[in-house]
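There are two complexes below, and they share subunit A, which is joined by subunit B in the first and by subunit C in the second.
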Partner chain A sequence: MGARRTRRTRPLAGEPDNGVSRHQELELAVHQAVASVDDPEYPGVSIVDLGLLEAIEIDESGAVAIGLVPTFSGCPALAVIAADVSQAVDAVEGVRTTSVTWLTSPAWTVERISHDARQQLASEFTVAVEIGRRAPSCPRCGAPTVEQSLFGPSRCRSVHRCSSCHETVEVMRS
Partner chain B sequence: MVRSWSSMEEFEAFLDDGGIVEAEDDMPDEYRTAVFRFIELHANSEQMGGLTERDWIPRTPGLRHKMSVIAKTQDEFGHAHLLYMVAADMGIKTRTEMLEDLFAGKSRFHNVFHYRVKTWAQQVAVAFLVDAAALASQQAVFKNCSYGPYRRILKRIISEEGFHMRLGEDRMMRIAQGTEMQREMFQDAMNDWWWPALQLFGPDSKPDDKLLRWHIKSERNEDLRHKWVQKFVPMLQSYGFSIPDPGLHYDDETKQWMCGPIDWEPLKKTFANVGPDSERRINEASSHWETSAWVRDALDEHARSQASLTTA
Partner chain C sequence: MSDLSPAAREVILAFADDEHLMGQQHTEWIGVAPFLEEDLAFASIGQDELGHAALLFEVLVGGDDAAIDAIAFFRDADEWRSCALVECTLEDWGDTLVRHWLYDSAEELRWQLFAGSSVQALADIAVRAESEERFHRRHGDALLDALLTVDDAAGRLQTALGRLLPMALAMFDGAAGEADAVSEGVISGPFASCADAWKQRVDDRFGAQDWASIDADPSAGRTTRHADFAPMLDRIREVLDLDRSAVW
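Our next item is the complex of A and B:
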């Protein structure tokens, strides 16, 4: 999972300082709401598992600020994702307002994609993830793939071919 | 492991059983040819669709829409790229042969790309009506597709086309809530694009349609068309737009919208590459191919020099 940074505020008046505070509960609920949002191009794959969530900040009044990082800055899905996140977080009990910001740093990298999401991309979408300079392995047979073109249908993906079963594979890269 | 079947009956039984054919299998020639033609038509349509979309990049109003048009252009070319790879693997035509046939006007591509998109409102109508129709056809193919490599590519294409449809709906809502002039432009666009979009599903499927028998298509053309009409007639009417079909009526007994008679002549013309805008479209695509030849040459030269470096 991508690094999640949250700013802790002091416990609300009258709540216990030990154990799970109301603030922590709310923070957890907001996190779950953000995690319920899927990537618009990969239905079933959460944006949190793809490493887009960077920060959740909640103040005493219940104003929530969500910081997200885009896979690349010109991504056409930014407005749709932000609207989906805003809607999901607004529905959480105890949230008064929600603001969603696309951060310009840190830069998103493929290392932010969770292990589960990697498995899901491979088994459900035949999409591999490129880590470092090693040739990504074919989601179908596990053999190394060879790059055919630097770009595919999106700027965050290149097109490869499997060296063994010849499958056409899309590869997510940073 | 190469699988083979001793007869067409045995092969069809395998397909009826939910069997998935892979590229390396020794499939019957008729099946290979039919599937190849179908994927080639799909690839050509993505390619021509990408060119249409690209034409609109400089003319799209507003940064937000412009970003989505740029990304959609890349999506369509990316889809064409993946589909041409899968089609070429079938060993009937190479990727270059497919592209050259397309640009020489010898291949087919979907009817909607044989018309000119004249205004931004028309581009919105295309994104709204045509993308939905294309998505419905592709979903019906994906549902039961017996050719593995195509099925896996379709899964990704469908998720992306679903996203395009959302963008199309967003643009339609904006124009529907716009000024009187914008609404009039959109109504004009509907008048021009309703029939081509509806005909994208093709004429009624033949009783012995092989693509249905071999589990490439899962639904008959007329059934898909009918479902699309059920969705779009009430949606457009709820926004106060009218449908340019004088024969359209609601059947109280079946509770279904029924179209008037369909004139199939325009569709036949697009099949023969003599639609209203076919010539200009093909010529323009062909001239892009020629003027970009130096890029392909440079890439080939680069690959050759890299190869000679590693062998040296």
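Our next item is the complex of A and C:
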């Protein structure tokens, strides 16, 4: 079918720009468009950095298919995110049509969140990320946090409290 | 997906309807659950079940929102395949907590039946759903751990259990043509093949039950609707009945 598939969770900034084909240019532009979409709950944090982008396929006619993975299958933000991605990609020159699909596989995990996004979540939103079974550290003082409620303000977050400074910390988990 | 056999469609529909109504029931506790953490928990757990239902409906009718709404909300009562446990409206928090535990401990086992499905989409969804179910069971267990050691609460929960078990056993009522779906590999065994493992979980959680004396309620299966079904369907269709193309 001539479709190309990429799996990238990081921007392509470091790639050589000499001799890139029109197809690669378009692919880069589409990737940047997807990366320009923020999570509706975390303005300024890209959905690409949160690990939601799984695949970009572009055929020779300029039809773009974006594959995203949801944090949780019942996340109410999915429709908003898909519409934002569709709008951003549609605006890229050379794109004829855009389709956005929520994939059922692979499953999203917190390991897909980039290092930069973790720093940003911690410093701007007081949100920690739970990796493995270790108690997440408090974004304010670094001490271990203690779970207060398994379920928090959204499905992907629980509520913890810092054992030292008593800050309330939302924790993203998978 | 049009290449699904009628038997496969029945099995998927039965599970989808259970998930859909369980999710809707949970959402009715938002704002009136006894404390804030429960409000959040039931909102989240309900969201997961509705998400699972949407994915299962998508396997049946494809990803178009209007098609999913049509199958989720606009079938006649006799075309639903849900069991009475998820159709009945419970007004007591103890009953609700016990139902949540009974349903989720069975749901996890039922997803395992789909984990090796010959329908790849079902196998993928099962992996996701099973990992989400861990949170539901952890939530139910944590509350029951606390409440079953308090005399008054334990008494109420045990009474609720006695009331709900005959209806809960009807969760394992099979869909029409279930045996065909098993031989096609859509599901690895009938729903009833989970029943023994589930009963063991109930015994471990609430104390040994005299299962020989507890029969599944014959009116609580998948071919009849509970008296609470019709008013519930009206409630969950309220917005769509005003505007069929409404989105949020």
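Basically, the second predicted complex is superposed on the first by the 157 of 174 C-alpha atoms of A that agree within 3 Å, B and C clash if a C-alpha of one lies under 4 Å from a C-alpha of the other, contacts with A are read in each partner's own complex, and residues count from 1 in each chain.
We adopt the following convention: a contact is a pair of C-beta atoms (placed from the backbone, for glycine too) under 8 Å apart; a residue touches a chain by one contact, two chains touch by 3 or more.
Note that the structure is a prediction, hence the values are computed from the model and not measured.
> Please tell me, clash or fit, for subunit B and subunit C sharing subunit A in the overlay.
Subunit B and subunit C clash in the superposed model.
> Looking at A:Arg161 after the superposition, I want to know if it touches subunit B, subunit C, both of them or none. Which is it: first, second, both, neither?
Touch status of A:Arg161: first partner only.
> Between subunit B (first) and subunit C (second), which, if any, makes contact with A:Cys75: first, second, both or neither?
both
> If we overlay the two complexes on their shared chain A, which of subunit B and subunit C does A:Ala143 touch? Say first, second, both or neither.
Neither subunit B nor subunit C is touched by A:Ala143.
> Between subunit B and subunit C, whom does A:Phe125 touch in the aligned arrangement: first, second, both, or neither?
After superposing on A, A:Phe125 lies in contact with subunit B but is clear of subunit C.
> In the overlaid three-chain picture, which partner chain does A:Tyr42 touch, first (subunit B) or second (subunit C), both, or neither?
It touches subunit B, and subunit C stays clear.
> Of the partners subunit B and subunit C, which touch A:Ala107 in the superposed model: first, second, both, neither?
second
> Is A:Gly152 in contact with subunit B, with subunit C, with both, or with neither (first, second, both, neither)?
both
> Comparing subunit B against subunit C, which has contacts with more of the residues in subunit A?
Touched residues of subunit A are more numerous for B.
> Of all the subunit A residues, which ones make contact with subunit B and with subunit C?
Comparing the two interfaces on subunit A, one with subunit B and one with subunit C, the shared residues are 74-76, 79, 148-149, 151-155.
> Mind pulling up the subunit A residues that touch subunit C in the complex?
Against subunit C, subunit A makes touches at 72-76, 79, 101, 104-105, 107, 148-155, 174.
> For a test of understanding, state which residues of subunit C touch subunit A in their complex under the given definition.
Subunit C residues touching subunit A: 23, 37, 40-41, 43-45, 47-52, 54-55, 63, 121, 124-125, 127-129, 131-132, 135, 138-139, 142, 247.
> Which residues of subunit B touch subunit A in the complex?
Touching subunit A: residues 23-24, 64, 67-68, 70-72, 74-75, 77-79, 81-82, 85-86, 89, 149, 152-153, 155-156, 159-160, 162-163, 166-167 of subunit B.
> So in the complex, the part of subunit A that touches subunit B is made up of which residues?
Result: residues 40-43, 74-77, 79-80, 124-127, 140, 148-149, 151-155, 157, 159, 161, 165-168, 170 of subunit A touch subunit B.
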